[in-house]
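Both complexes shown next keep subunit A, but they swap its partner, so subunit B is in the first and subunit C is in the second.
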Partner chain A sequence: MAAADSPSAALRRRDLCSRGIRLAGKMRADVVDLLDAYVEQQGLDASASVAVEGVPLAAVERWDEQTGTQRLLENLAAYRAFRALLAQMLEEQREQLGEADAGLGRALAAVLLQVSAFAYHLEELLRLESRGVPGEEEDGPPPPPRLGLFEQKLRGLGVLRELAQWAVRSVRDLRQLAKPSPATGAAPALAESP
Partner chain B sequence: DSHPQYERVGADVTMKCGSMDWDAAVTWTVNGTDIDESHLNGSYLILKNVNLSQSGQYSCYEGSSWHLKYQTYLRVGTPPKEPVLMCRSNNYPKGFYCSWHLPTPTYIPNTFNISVIHGTKDMVCEKDAVPKNRCHIRYLQLFSTVKYKVTLTVTNALGKNFTTLTFDEFAIVKPDPPESVVAKPVPNNPRRLEVSWQNPSSWPDPESFPLKFFLRYRPLILDTWQHVELSDGTSHTITDAYAGKEYIIQVAAKDNDIGTWSDWSVAVHATPWTEEPKHLTTEAQITETTSASTSSFMAPPTTKICDKGAVVGSGAVAVCWTAGLVVAAYSVLFI
Partner chain C sequence: MFSRWNWVACGFCLVLNICSPDASGGLVQSCGHIIPESPVLALGSNFTALCILNESCPDFGNIYASQIIWKIKNRVVPKEQYREINRTVSSVTFNDTSLLATPLTCNILEDGQIEQNIYGITVTVGLAPEKPKNLSCIVHQMSRFTYVMTCTWDPGRHTFLDTQFRLRYRWPEEIFPDCIPKDVNNSCTVTDIQFFVNTEIWVEATNVLGKAESDPLVVDPINIVKPLSPQNVSVSSGLLPTILKLSWENWISNAVMTLKFNIRYRIVDDTDWMEVPSEDTASPRTSFSVQGLRPYTEYVFSIRCMKEDGVGYWSDWSEEKTGITTEDLPSKGPPIWRIIDKSHSPACWTVHLIWKALKPFEANGVILQYEVTVRDKSSLSSPVKKYNVTSTNYTLQLQEGTYEVTLIARNSVGVSPPSVLLIPASNSKAPVKNLRTLPKHDKLWVGWTAPNSYVLRYVIEWCLVSSSSDCIIEWQIAPGDVQGVELKGIKPFKCYLITVYPLYADGQGTGQSVKAYLKQDRPSKGPTVQTKKVGKAEAVLTWNHLTVEEQNGFIRNYTILYKTIDGNETVVTVDPSKTEYTLSSLASDTLYTVRMMASTDNGSRTGPDFTFTTQKFGKGEIEAIVVPVCLAFLLIVLLGVLFCFNKRDLIKKHIWPIVPDPSKSNIAQWSPQVPAKHNFNSKDQMYPEGSFTDVSVVEIEAEDKKSFSEQDLKPFDLLKKEKSTSEGHSSGIGGSSCMSSPRQSVSDSDEGETTQNTSSTVQYSTVVLNGYRDQTPVQVFSRSESTQPLLDSEERPEDHAGGADSPAQRQQYFRQNGGQDEINTDRPCFERTKQITHANEGDLVGFVQLQISGQSSQPLGLGMEKNTQEAALSNVLQTYTEGQTVRPETVEENPLSVDEMPKSYLPQTVRQGGYMPQ
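And now, the complex of A and B:
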């Protein structure tokens, strides 16, 4: 992993991490705003319990023990899933579209763009570590059954909530990644697992 | 033998003298003092509308032989009111603690039972030895959207009560205030003050979970605060201080991304550097300082650039002219 250990690679990684942290921070702020608007315009109860099947959960055990590679791969899988989920929400939004929701549609599209950008950013980080970037599954998960209008709204709530959590987790993950290497000289946590 | 008997404030209590008949001749005592016969109905002791002061050791003796026939320790108290519960994470991401108290005392022993549920999972909140009404819990998961539900039940011999708190992981994050806040004047800079502080020692990993800070400062003579928010670093230079005025300064901390601001730190005082005066006094300064009557005046530690050569006022008193305002305040106290 000579390339991964070179000083320029370390600098590039730190640079990518800092930018990623800023991206994730901005994304989180926008998702939180979107969540507020979504709850209000869809007439939902913000504290409602929502089933989150098919939505990547940010919750993780032993987070501090994860390797850098694990972090990047889990983040990438999550944001790719969110990209698909948000695209679906946008489509559903357009189908239900009323004038009042046009702003919501735009906000959703803006967040979708940021999610795509962040997924790409994560791919860059993985490439830097000479890690293969996992291909997107050709078939993907089967499309979920068509939900009723209310179920769609509740699902949207679940998606945005988890996305907001992920955005916070991603900031933490990138900070871990950006930490300077220990004495071994190998990038911490980015080395192959034993 | 003696066993406690718990009764509510305001209750009517009837004590029987063990197995003695109602018409037996007995003597009742409380804490060794005879109880007047007016409180007796036969051999029964009647206490109406008991109050807290009637708690004590009640004993019943057979009339002639003075054999002890019955003894009980009466404890008058109240059932518990709804307890006050709070949970907070000042050591994120390690875990959180919950602490509780009763709004009013019950005057009898209480037991507290706390349960913590995360989704469907029961978690154990380990009780702290000190302080007593507190327990802590380690996070098993991070970044969960599932809420935590904490239920505290308080039970005593006269009743029980409970309260519940529901919250999510991020909402209860509140660091302890910054520590070791120090404010110093900057030499040759009459409008600057250098402030520095440290992360609270309870925050386990400031590198991975950095804190941001809020500084507030004002001269003692004004009521309105100036605020500065700092996204990194543990120092800041105030550059717009009023020359010669003593300032009060405090700092608060917050996780960069989640939770709420800490309480304000301990306040520190500082006065910006002032130039050594060329003349000792002006009219205004004499008016300000001649009321000072104390000769041993302790200056606050972080501040005074005080030139002992600047002597004002009557012979025995040496006062820094820069501290005129503070001296005026002290002199009001001593006059």
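And now, the complex of A and C:
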């Protein structure tokens, strides 16, 4: 709390929120573009409904009732999961296509970096709230099972779609966190921030 | 089993030893080595090397450290730097490695003097890398989704060693691959850039002497982006003539970053850009309407962008796009002026209306036509005349008067405000004052002092003055509140005539003119000088003015430079208005070289040399010499004449001998052979060739020779009487000096037969003009024209001239014929009776000998009119024809006809003072 009280901490948090919002926005734009390329490259139907196990869902009930810390923790857990999933997708992509489609690989790597960067933002925000950052091992999802090629493609499609959804939610979460009014923040720590 | 393998192994080793006998010590037995081996040393540090000798050297035997000599690149290191550590080890120390060179060798002196190399090392000297400084990074957008980050830094001093630079960057929990520059050591480009995360960037420099890192740069790459400039820029005209709309596309989505823009534009022919206020374009957009533009004007647009918050870099300017605004009404009427030509008739003007085309920003479109309206203000009843013109001038024939001319310009949208020009009957208003010019850079400023009255505007006319062509007038209008304008398009070194007219509401002021140059130069040629008149001590020089094209400026003065061949040059400055100058105080009969120089404010030019020579004598000097000489001569002559006149008796005595007086002669004294002698008066004898070139002899034949002697007495009696009354009318042999003796001369014919047988014909005398000098005193008688009547006994038939009716008719005349006669008629003549001495005997060109019988002849004056003479001759001839036989015997070499002859035979009176017969 002491850290949050200091002006520098407040500026730091605002800066983190601001850049987190823009990072999430760019991540969403990149993921949307990547989705188009991915669907086309993998030969999938863009309208296909995919439910993939192990991918955190962005939709949540009573979103507006969540505290700031809770939002940060959920976001952090989701993006850590995405980081693992995207890393696996990138590895599978390289295994499947080698260097044949370097563009898709670069786009995946770029999104992976953005996911990592966003997770870093979330961790920093949690540190500013004097909350310990949970370890990845204890909160991280179990390694995804080895799947067949088509299932890998479908899972990749599901990961990207859900990541795009999470990007939208993260923007809303960070904007909620960035609001100065204590009434809007259920979390006391955030309510105290300027 | 084991021993058998041992033997095999030993045998293999033996083979190796045999094949490689120096396997332990190498192929070349070294006698020592240096420690350290090929070191890399920091520049400026100290360094110590050790040379360790092998005690037993096969080549040199026993060698010791005391024998060691250190050398650097064949240069012996001073012994002071050696140190003998033990018997086989020597060290050398260098306090500054910059003095080192490679190789560093260890040598020994064998046998006292022979130097042998033991070992050598290569020494590398360099520097540790400095800390890289001034690290900066910029993210370039390469395409819609591709960004690269290029970082540059200052690598520091040169290390002289192979130094590796690498750009390192990382996130707090993630380290990215290093960026290693290629071919350079001060920049590197990273391709996998992620925005919105603070990235720590630093540079690491490494070589064998050390490693250095720059200060880290922590930056979110989104804040150092230089985006691509907007693409697909298009310009479209709006409804209003002052607006153009720009549209474009952005390369960067708003998800990455939002942008702000700069828009610049210019008129297509301009070079200066204008910018839309930045606050108007500070928000993300893809179009913008630029306002405040000129109608019907082509504009060029360009646009750039950067991150909306201003953090980062501006993109490059986009490609330029052009657009034209729509037309609008002309904003003003064309400036109008007139040139009035009154040369044909003062009352009938030829008025050239001229106006300037509107500038594009004034025309606001394409001018389709001009409408000219002329109203006669002096006659209200005169109709207003309108003309539609497509050019920028119009010529009218107007009667003298006051007119108001209105001009409007029309384009597709409408018409301009009217321009009004008042043409008064006379320019009688006040002119401007103090008209002056001043060059200002490439323009010529014309200034004036305004008149006291309110001036609507001024018209400034100017034209290039030329000697070969007419002045082509250019003009411009200035507002009435200014007192100076700058004229454009003025060429340097050219003379311009500038005139300023003030225009009043009710008239026009007289024009004031001034000549001006924008820039002056020295004349392009010098004047050609020549002499107009050269005297003894002065010379008048003339020259022509330089043409205006040759002047290149205002001629301030002429300079005449003249000198003799070996003399100093004399300089004379002459007013530029003159074309003539008189050089004075020149030396006579001297060659002078003169040249002339024309000067402007900016220099001079000299013309060609001209030479002349002064005269030896001055004007009047020759006259002053000749006239006195002539006068003296004349005086001498006059004195001589006077002397002769005073001594005339003495001279006459010597020149004109005294002719015996026949009155004192007696017949007995006449020689009987006289007639025979007298025959010599045949033409050939009497006038030998060469004495006369033209002799006419008129022979009058008597009808009866026999009656001659008998009838002669009467005439002789008469002659006596005549002698008593008119003594001066005697016949003479010489005649007058002008050969116009009033006496008639009668000569005999060629045949020598004087057959004048008429009773009135008496041979009165015989004239032998050229023979008298040769005559003896005896012969003188034949030429004597004595007034004494001859006695009958004394008279010989041959001497009888034809009888005359009267004593006067018996007179004989002779005179020189031809043109000489006409000349001599005006001159005083001396009449002689006895002997004629012609002053210019050789000049005689003709001679007339005439025998007259029985013809009365009145003596006439020498000045008688020619017609009178002709009439008299005519009478004589007529008389001859009727009463006598008159035959012109010979007319030789004398083209005169008989009709022309009478002058020669006119009787002449003896003038007063004439020579009287003695």
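Keep this in mind: the second predicted complex is superposed on the first by the 173 of 194 C-alpha atoms of A that agree within 3 Å, B and C clash if a C-alpha of one lies under 4 Å from a C-alpha of the other, contacts with A are read in each partner's own complex, and residues count from 1 in each chain.
Note that a contact is a pair of C-beta atoms (placed from the backbone, for glycine too) under 8 Å apart; a residue touches a chain by one contact, two chains touch by 3 or more.
Being a predicted model, the structure only gives us computed values, none of them experimental.
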Margin query: Between subunit B and subunit C, whom does A:A110 touch in the aligned arrangement: first, second, both, or neither?
Written below: second
Next item on the list: Applying the touch criterion given at the start, work out whether A:R172 contacts subunit B, subunit C, both or neither, answering first, second, both or neither.
Entry: first
Check: With the two structures laid over each other on chain A, which partner does A:A10 touch: subunit B (first), subunit C (second), both, or neither?
Finding: neither
Note to self: With both complexes overlaid on chain A, does A:A37 touch subunit B (first), subunit C (second), both or neither?
What the structure shows: neither
Next item on the list: Mind working out whether A:G25 is in touch with subunit B, subunit C, both or neither, as first, second, both or neither?
Entry: both
Notebook entry, point to check: In the superposed arrangement, what residues of subunit A touch both subunit B and subunit C?
Noted result: 25, 28
Note to self: With touch defined as at the start, can you tell me which subunit A residues reach subunit B in the complex?
What the structure shows: 25, 28, 57-61, 63-64, 161-162, 165-166, 168-169, 171-172, 175-176, 179
Next item on the list: Please name which positions on subunit A make contact with subunit C in the complex.
Entry: 19-20, 22-23, 25-26, 28-30, 33, 106-107, 109-110, 113-114, 116-117, 120-121
Item checked: Touching residues (chain side subunit C, partner subunit A) in the complex -> 145, 171-174, 192, 194-197, 220, 222, 253, 255-257
Check: Which of the residues in subunit B end up touching subunit A in this complex?
Finding: 93, 140-146, 170, 207-210, 257-258
